[in-house]
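Dropping a structure here in structure tokens format, bear with me for questions.
The letters A, B and C name the chains in turn, as written, and every chain counts its residues from 1.
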Amino acid sequence: MSQAFRAKFTRSGWRGLVLPGLLLLLWQWASHQGDVAAYIFVPLPKIGSDIVHLTATGELWVNLKVSLLRTCEGLAIGVTLGILTGALMALSRLADRLIGPLYHALRQVPLLGLVPLLALWFGGDETSKLLVVSLAAFYPTVLSAYEGIRQADRRYLEVGHLLRLGPADVFAQVLLPSAVPSIFTGIAQALAFSWLASMGAELLFTLGPGIGAMLLNAETAGSMETVIICVMTIALIGYAMNAAFRALGRFLMPWAAAS
Amino acid sequence: MSLFGNLCRILGLGLLACMLALPAVAAQPAVVRIIGIAGVQNGKLLYTGTPAVVQKQGWLESELGKRHIRLEWVSVSSASVASQVNEALAKKAGDFAAYGDLPSIIANASGISTKLIVPGGSLANTYLMVPWNSTAKSIRDLKGKRIALHRGRPWEYGFGKLLAQNGLANRDFRILNLNPQAGAAAVSTGSADAYFTTSNAYTLQDKKVARIIWSSKGESADWKMHAELWGTTDFVKRYPEITQLVATAFIRAAYWSSHPEHLDTYIEYAGRLGTRGVDTRREIEGNKISWKDRWSPLFDAELRKHYAGVNQYAAGAGLIARPVDVNALFAPQFAERALDELNLRSYWITSGDAR
Amino acid sequence: MTVATRIEGSVVRTARPAPPKSARPFHASLLDAPWIGLISPLLLLFAWWWVTKAGLFSPQLLVSPGQVLDTAIDLAQGGELADHVGVSLVRLFTGFAAGAVLGIAFGALIALSNTAERYTAPLFQVLRQLPTVALIPMFILIFGVGETFKVFIVMKATFFVVALATYDGIRNIPKGYFDVGRLYQLPVGLRFSAILFPATVPALLTGIRIGLSRSWLVLVGAELLAAESGIGQMMEMSRQIFRMDVVMVGVILTGLIGFLLDRSLRLLEWWLMRWRRA
């Protein structure tokens, strides 16, 4: 996902708000087209008052906190294991040929499709949800670590060879640093996937606090305004997390900004 | 005798003692796990229904505590209770479960053996809804149309009975197998011509997006959804006295719940799942069976007929491969003894046999 | 020294010649054999079979491979499997085609026109973050519960991935290419077909491949939640009636289909990119 595109976002200024503004007006018009329409396109004032209500009772924040915490935990676990596995596969051809096929096979199974099995084996509580989120973070990280290490610029490796560096040093001082940009991109992807996986897990495992669960309960109770608020919150938080992470990337690796 | 020899002797005796004591130790479990439906409110996990009452009464916990047994509650969410409970039972993560009739038949059909310990409950109703502007007045008007029904769920049996009552069958309709949320959305936009569901019907009616044209309120208990106490055959056979304790606790809870003055608290517990109080109240009112009678834990002919019916329906609808032995599912001895112990023999019998 | 040798075979080509074949350890050449890739899946299969045979878990908990195979054959013979898979794939390809076409068009538009980009960028970024699975209730309300909303779900997932890939692809074309076009005074049409298009294709194909994988994941998820047919629905229904063997058939099948889709597109990519290898 490109830097240039994001930079343009801030330069958009007021122009970027035109389309969203138009959509909101369209929405408000639609909500006046009868009862069924009002059920789907909840009038904006009603959404507004619900936002106030949810933040006042703290319900939104409590659920958000749980979801965010789970995302971070899953991310940490998935990313750590992912980097280790990816590095292992990149450095050892044996590991590559043994683990690789399993990884590619497992990656293709839709995570949400695994839910019935995970619910059966690990129960429907936090453990299983964490597992789903960790898996979601694991997949892209492995790939990015693998690619990052394998594509280490050979000139650097030659320098390492010239300096007669041992394998451990080559890894620590040449391969790993040059893989960092790729790994970082992988983690950014993992972050996005973890957040989505956290939502998906809540929607399918159903029990326990969280924004997804809040959405499900609101849907059952027919309060579509809460559903809309949850959906928008999920989108905005996702966007904020990604933007923050990329800002972190630019800060930590200014030399990689050009790539 | 050498030191080594003496050591062997002591060890041998010790081992023998342990082996003899083992049966006594194994005569009771370390923990009793009951699976119940719970919801999250303000970050806290709260149970609903009879488990909530049992928790509030605290009797079971203290009785088990006297025997140094821990009481543990295993929670499942209200969405898709059946699969969650059956999965928990398959994993041996629970010894008892307060859940439904059709799911228990499905569990037994797939090899998870359970026994019905205490029948009776709030007996939830089912409702047939149509879009707000629909002209359909009964199920007959909907012949050939699309009905949103989540299959494999407890209310499918009630749906089957409604069809049978009107001389119809599944093939006379286009059944859309959608979960309750999707079904609600479908009927409100006219994407489905009808929707068969439980008490969330009232919410949709209040929002004027769908209308209830039929409910099971006027029918016998056979039509309603049962959520009763089931125990794994394994546990029941190994620890009958503990099973008795649990049975007695549940009948105490049923007795408490059956009193009209406790209705408000009961409705409050139901609200923990997010259902509105007014909906629960409307769901309870206007039923042919009185509130008290619904809680009757008697293993009478009506109950047996119900389970035979569910069993037959499930086999016929392809939900199970072949019918189970329904009579083997009943373990009435615990409820019977509990009624005697609590002196409640006459409490429910005199309410008539309209169970 | 050993690290350099290991990497030598793949990416890096140093000035040093490879050691004579006899000096390389035996297992190094063994690892190149194509069948090595099958070892771990087969080991997993064997472990699965052995665990069920040993009865370590109750049969409801872990279904044996034999049982899964039997069930799969039953379903296939009954025609159920073909029905469900067929329905799912039709949804996938319809939504994917629509989403990809729109994605390419939109991506190209915002890549080539700064104004368009400035107006649409913020909305695009936010909409992209909307979790598809959570949108299902709203989609059903708007599009009804038929095939339309599922196709739209797939479209939504595909559109954003492909649009972004197209944008990146076009934006990353070196300026030099366009300069060459201008130098030779090529007509606009030729500039498109001879410069823009071929240069974009690699990134585009990767984007399409990723988009297809994501769409498949999203479609199965959506079918689990709200469908009356399709492979996701088959898995959900089986879960309700506690037929874990059917669930396993579904899981393996969805993985297999995802794998095949990915591989086929990789093959297409490889074939189309043959000019790159020349």
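Please note the rule applied: a contact is a pair of C-beta atoms (placed from the backbone, for glycine too) under 8 Å apart; a residue touches a chain by one contact, two chains touch by 3 or more.
Since the structure is predicted, the reported quantities are computational estimates derived from the model, not experimental observations.
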Checklist line | Pair sharing more residue contacts (C-beta pairs) when A-C is set against A-B | finding: A-C
Check: When the mean CA coordinate of each chain is compared with the mean CA coordinate of the whole protein, which chain is closest?
Finding: A
Checklist line | Maximum centroid distance from chain C, chain identifier (CA atoms) | finding: B
Check: Distance-wise, how many Å sit between the C-alpha centres of chain B and chain C, to the nearest whole number?
Finding: 42
Next item on the list: Please work out the Cα centroid separation of chain A and chain C, and write it as a whole number of Å.
Entry: 17
Notebook entry, point to check: How many Å are there between the centre of chain A and the centre of chain B, using C-alpha atoms for each centre?
Noted result: 38
Next item on the list: Spell out, as numbers or ranges, the residues of chain C touching 2 or more other chains.
Entry: 61, 137, 141-142, 225, 236, 239
Next item on the list: Provide the list of chain A residues touching at least two other chains, using ranges where the numbers run on.
Entry: 39-40, 116, 120-121, 219
Notebook entry, point to check: Touching two or more other chains, which residues of chain B qualify?
Noted result: 80, 83, 87, 90-91, 181, 188-190
Check: Given the complex with chain B, which residues does chain A contribute to the contact?
Finding: 35-36, 39-40, 57-59, 62-63, 66, 116, 119-121, 123-125, 205-209, 213, 216-217, 219-222
Checklist line | Touch list for chain C against partner chain B, complex | finding: 58-61, 136-137, 140-142, 144-146, 225-229, 233, 236-237, 239-243
Check: Which bits of chain A are touching chain C when the two form their complex?
Finding: 1-2, 4-6, 8-9, 11-13, 15-20, 23, 39-40, 91-94, 97-102, 104-106, 108-117, 120-121, 150-152, 154, 157-158, 161, 167, 170-171, 192, 195-196, 199-200, 203-204, 212, 215, 219, 224, 227-228, 230-231, 234-236, 238-239, 242
Notebook entry, point to check: Mind pulling up the chain C residues that touch chain A in the complex?
Noted result: 2-4, 6-7, 9-14, 27-28, 31, 36-41, 44, 61-62, 114, 117-123, 125-127, 129-131, 133-135, 137-138, 141-142, 164, 167-168, 171-172, 213, 216-217, 220-221, 224-225, 232, 235-236, 238-239, 244, 247-248, 250-252, 254-256, 258-259, 262
Notebook entry, point to check: Within the complex, which stretch of chain B touches chain C?
Noted result: 80, 82-83, 86-87, 90-92, 106-107, 110-112, 148, 151-153, 175-179, 181-182, 185-186, 188-192, 319-320
